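The two complexes that follow have chain A in common; it is paired with chain B in the first and with chain C in the second.
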Partner chain A sequence: MLIAVLSGFILAAFAPWLTRAFGDKAGWLLAILPASLFVYFASFIPAVSEQGAVVLEYSWIPGLDISLNMLVDGLSLLFALLISGIGTFIITYAGGYLRGHEYLPRFYGIMFSFMAAMLGLVLSNNLITLFVFWELTSITSFLLIGFNHEDKQARWCALQGLLVTVAGGLALLAGLVMIGITAGSFELSEVLAGGDVLRDNPLYTAIVLLVLAGCFTKSAQVPFHFWLPNAMAAPTPVSAFLHSATMVKAGVYLMARLNPGLGGTDLWLYLLGIVGALTMFTGSFMALRSTGIKAILAYTTIMALGTLTMLIGIGTEAAIIAAMTFLLAHALYKAALFMLAGAVDHETGTKNILKLGGLRGLMPITFLAACVAALSLAGLPPLFGFIAKELMFEATIGAPGIAFFVSLLALASAMMIAAMAAVFAIRPFTGELKETPKTPHEAPPSMLAGPVVLASLSLIFGLLGFIPAGAVVGSAVQAVYGSPLEVELYLWHGFNLPLLLSVLAIVGGVVLFLRWEQVLDTFSRMTFIDRFGPERGYEKSMDGLTWLAAWQTRTLQNGYLRTYLSVTVLTTVVLTLWAYFVRAGAPVHIGDLDFTFYELAVAGLVVVGAIVASVTSSRLGAVATLGMVGFGVALIYVLFSAPDLGITQIMVETLTVILLVLVLYRLPGFLKLSSPAARVRDAAIAGSLGVTMTLLILAVNGVTVVEPISDQLTAWSYPEAHGRNIVNVILVDFRALDTLGELFVVGLAGIGVYAMIRLRAEDKGQ
Partner chain B sequence: MTSMGSLILRTTARFLLPLLLLFSVFILLRGHDEPGGGFIAGLIVSTAFALYLFAFDVARTRELMGADPRFLLGLGLLIATLSGIPPIFFGEPFFTGLWWPIDVPGFGEVKLSTPLIFDIGVYLVVFGAVMTIVLALAEAEE
Partner chain C sequence: MEAIMALVVGALFGASVYMMLRRSIVKLVIGLILLSNAANLLIFTVSGLTRGAPPLIPEGMQMPDGAWADPLPQALILTAIVIGFGVLAFAVVLIHRAYEVVGEDDLDQMRSTDT
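And now, the complex of A and B:
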């Protein structure tokens, strides 16, 4: 299983090379991996149907309670199947869509990483691992959205998506850690089996708000929905994948996953129910006033995400069944529609639906598949989307407390979506053929395979509802609901309220479709929506951030060494003195004043050197006296039997002198620029550090809080690390990881100095 | 600063450099049991080349070093990082020390180990970083 999840990352490393080697056939070849993953995940169906959940254990960082355990239950299996199944078609589709594209090899590399991250996310049984994969999807989708990186707009959109989802991710991390601490375990299977532990905890509200901040941003709920339509800057295969089965569904996945542990409260119901319903309505409304074929689909995705969130929030039996059915139905038709939209765009050269028409004869297969998928989107029998919509209406009618509100919004949304489904399937294909930038012809098989199969599945699942119900939807519902439920999916539910609402939605949809140009005209004039939308909020906060960064750079990072020193010294002094006086109660331990005359002599030399260095008006004198201080300190190390430190100090002093000699020539002549007041101030700052350090030493002198670790390290040094020089043993063995970190710091410092000097030299050269 | 060194300095530098190099290797290798180690040894070898730089010039120093100090810096980081990996194959955590003591006839025990490899990494990083800075400053001077 671990290999199955990580195989995407492995293939990602080889994908660019394979793509170059196999050229146009690479898409078909690379699709073998997701296809075999699909078969592999499908083999879990019987076990999951019988046992409910299978946990596969792999340890990762046992010391931190972080495992790579995999949880395979109905929910994760449904997602894994969608990711690998739709992924298969996306990979072949991309081979056709980006045929001959310069960056296709890179595209496959990122795409497989993304797919693997998504699989890891839905299969992780550990909250921390889940979060790692969650962030990996944000990063890889950033690369995918910004794939056309030479386009400024694409970069901007990618950054927006990244910032919104990563900001939410930060909140999510806090929420997940709180869950782990509250529940006493970071393993999902244990957290969810904990019953009311989370709900009864005083931290419950904070947990829900933090987790939902992550889910809402990721799944583009109002008011964070604006990044998703912009993510269309990505090439169509990416949009199709991101919108149907992955990325944006991650938030939905997590809400569904945590529903047994966090759901069932008023807070959960109202937050998810109302935000979801509003998102659903907003998405539908924005779809209605869009003219780009991809934009229409992007907004219907927001509608679907809102619907799913709302259904999870409602949380009744009917709602969870509806949610899982809708999830599957949406993934099938949305992936198909996006791929078809890409095919139309690819073959005609335009995305504007007003400029398309009469393609029926030229692209017959595309037309047919679009009709079937759009019927499912509109929710018409006998397609799977119809079952999903019926179930949704049933759930909203039965929603506790907010039934009227959500049902009304659901009906309005369903009307608008039905209209847009008709617009999408009918307008580009009927009427007279319009002039397009490219001469249209049918898309290649690689681009049609996916939509055709997925659209057919929408039809088959609609007619034969027991197939999805028995395979995964049933066990997914069980996983989200938290206890076993009978799930049966069929088209005919008898004459009831949901059917009436469905009929109303279709009738309303037809009316809207027939008058769409008028509707579009009216709504597109409402430009205040674009001006005052939450996207403005995003832009404002980005501007604010830039301003803050500029302000703090001007104030703190102003390039004057004396400012840096003052800030560093004063911060240290204030914090240390606060701890010393307030926390520790100002202890002073003089101890026995037992010293030899040469210790005193060395100390005296150091003091004299320091004083002379700070008052001398000769640079060379300052360097020499500073050297005196340094060598004096080295002597102190030697006297107190720390030869390693002593040698190091001497070497550092020697090198310092060399560096100073190199720099000295470059400095302007010695001038007294500072006023007496400034000199007093500087003396005070310097003096405060000296006083603080003295107090600190007097304080720690007599305190033994814990047994010093050095005793143990000394005892271990030879038997454990085969070394008698304890300093070196600590550096290269006991604390090698710390040393490694310091090495990187040393390296960075070296490169930093090099860059500064070279940049200045180049500036001067010009 | 070009060729500012006197004849005495040049001659001294020419003789001292190999001695200091040898000394630094000695300090590096004995570090695990006696005062010394990669950090100190790296500083010693840097000082040796800095001395040479004073006696001659940047071009001659670079030529003598044979490799760009930035390359040595990166190489050191790579070696230090890689030295933590072998224990993983023995089921131990990252950076667990592995030891292969070898008896060399007539010399005594030689302790080959991953910490020693790590220390060589430290040596190269310190040497590379210091020389990067010193040479950049000296070049800016010229």
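And now, the complex of A and C:
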């Protein structure tokens, strides 16, 4: 199973070479992988139907409770089958759609990574692993949306999708960690088996809000829906995959997945129910205003995502059955419709539905498949979409508390969607043939295979509802609902309220379709929708972010060394003093105050030297007093049992003084550059650090936290390293590598000095 | 004695930061030298001061006799002194070079990367 999930990543690495080697046939060849994955996942159907869930264990980072365990139950199986099944057609379709495209090899590479990430996401049993795959889908979809990276618009859209979904992802991570801590396990199978553990926890509200922030952004719920239509900037195969079975369904997947643990509360019902219903309505409404064939489909995806969210929120038996059925129905028709839209766009060169017409005769197979898929979208019998819609109406009517609200929105949406389905299937294909940028003809087999098969499935599943019900929809419902349910799918439910609503929706849809041009005309005058949409909010916040970045760069990274230094010093001082006074209780250890006269004299010499060096206006004076400080420090080393340090310090100090005298005299004399006020300010900053350091020394004076390792080093010095000078032994034996590194540093500094002196000589030579 | 050394270290840190906050590039170098000394003395002081007992093993013995100064901080400081000198030498030549190219020793005038 692990290999099955990761095989996409492996193939992604080789896909570019395979594509180059096999040219136009590569699409068919590469599709073998998703096809075999589909067969492999299908082989789990019997086991899942019997046992409900299968957990396959693979360890990853056991110390952090992170595993690669895979959870195969109805829900993940449904998704895995959709991803691999639709993925198969997408790969072949891309071979035709992007035939001869310069970046096709790269496209396959990203596409397989995306598919693998999506599979990993739906099959992970571990919350952290799930999150890793979740973010991988964000990143790979970013690359796919921005595939035409020379197009500024595409780059902008890709970035928008990434920022929105990743921002939600951050919230999700917090939510998942809280779930893990609350439930005591990061394994989904254990979290979901925990019953009311999450619902009874005081953190429940926070968990729900954080997790839903991730799901809503990913699944384009109002008000985060704006990124999804922009994701159309991707090549059509990507849109088809993204909208039908992957990416945007990830949020729906997670909500459905966590429903047994988080669902069933008022918070869950109202949040998901209302946001979902609003999203459903918004998507349908925006679809009605659109004239691009891909735009129409993108907005109907938002409608579908809203519907699914709403149904999961309602959470009754009927709602969950409706959700899973709708999920499958939508994936089938949406993938088909997108691929057909791409075919029309590809063959005619335009996406604008008003400029298309009369393609029926030239693209008969496309027309037929579009009709079937659009019927499913509109929810007409005998298509699978009809069953899904009947179930949806049944669920909204039975929704606790919000039945009227959601049913009304569902009816309005269904009308608009029916109208748009008709627009999509009829407008481009009937009437007079219109002039298009390219001369249209039927799309190649690689681009028709997917739509035809998927559209046929919509029909077959509609007529023979027991096939999907028995295969995976039943077990998926069981996984989401949390307990076994009997699921039967059939077309005829008898004369009841859902049927009446369906009929109303169709009638309304037909009316809207016939008057679509008037509707468009009305809506095109309603420009305020574009002006005040949530996308403005996104743009404003992006502008704000840029402004903030510019502001903080101007303020913090202004190029003045003293600003950096002041900020660093003051931050250190404030934090250290805070810790010293508040946390540690201001300890002071004076210790023994015994000193001899000459010790005090040396210490005084160093202090006086340092002060004079800082205030003198003479360069020679500064160098001389610096020498005083250096030699004073050397004397301190000698006085307190560090002869090696004393010797080294004296040598280095001598060299320093020589170097300074040599170089400083080539530089201009000291000028009084800063004002007296600046000097006082700087002295205060510097003084605060001095005081802090003094206090710190007094705080730790004589305190031993852990036994030093020096005693051990001393004990080893002679017997092990045959050296009597312990400091030397440490340097050249115990810490020999460190000393070697030091040699390198000094050597490099020497080379640098030499190089700069040579450079100067050459400059002068010119 | 540690208390007195604490004052010395504080004075060195104060003087070094004050010099590094000046606009003259030469004063920056002086600040660096003082900072290096301050840091070394800090480590030396907090490891405890011992009089007249260097960490040496007398002939014929396996260990030093009686109390002895902690050798590990000394080894660290020795490394630091040498590295500090390397940095200083490089900085001094770099500053000299920068002055030649820019013709300016005021750090405020050296903000741009272009000359």
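Criterion: the second predicted complex is superposed on the first by the 615 of 766 C-alpha atoms of A that agree within 3 Å, B and C clash if a C-alpha of one lies under 4 Å from a C-alpha of the other, contacts with A are read in each partner's own complex, and residues count from 1 in each chain.
In this section, a contact is a pair of C-beta atoms (placed from the backbone, for glycine too) under 8 Å apart; a residue touches a chain by one contact, two chains touch by 3 or more.
Note that this is a predicted model, so its numbers are computed, not measured.
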First (chain B), second (chain C), both or neither touched by A:674: second
Which superposed partner A:663 touches (first chain B, second chain C, both, neither): both
Partner chain(s) touched by A:709 [first = chain B, second = chain C, both, neither]: second
Contacts of A:731 with chain B and chain C, given as first, second, both or neither: both
Comparison of chain B and chain C by chain A residues contacted: C
First, second, both or neither for A:565, with chain B first and chain C second: second
Which superposed partner A:758 touches (first chain B, second chain C, both, neither): first
Which of chain B and chain C A:739 touches, first, second, both or neither: both
Which of chain B and chain C A:32 touches, first, second, both or neither: neither
Touched partner set for A:654, first chain B, second chain C, both or neither: first
Shared chain A surface residues [contacts with chain B and with chain C]: 643-644, 648, 652, 655, 659, 663, 666, 724-725, 727, 731, 739, 746, 749-750, 753, 757, 760
Of chain B, residues touching chain A in the complex: 1, 31-40, 43-44, 46-47, 50, 54, 69-70, 73-74, 76-77, 80-81, 84, 94-95, 97, 99, 101, 111, 113, 115-116, 118-119, 121-122, 125-126, 128-130, 132-134, 136-141
Footprint of chain C on chain A - complex, ascending: 558-562, 565-566, 569, 590-595, 599-600, 603, 606-607, 610-611, 613-614, 619, 622, 626, 629-630, 633, 636-637, 639-645, 648-649, 652, 655-656, 659-660, 663-664, 666-668, 670-671, 673-674, 682-683, 685-687, 689-694, 697-698, 700-702, 708-710, 713-715, 717-719, 724-727, 730-731, 735, 738-739, 742, 745-746, 748-750, 752-753, 756-757, 759-760, 763
Chain A residues touching chain B - in the complex, by the definition given at the top: 643-644, 647-648, 651-652, 654-655, 658-659, 662-663, 665-666, 721-725, 727-729, 731-733, 736-737, 739-740, 743-744, 746-747, 749-751, 753-754, 757-758, 760-761
Residues of chain C defined as touching chain A within the complex: 1-30, 33-34, 37-38, 40-42, 44-46, 48-59, 61-64, 68-72, 74-75, 77-79, 81-90, 92-97, 99-100, 105-108, 111-112
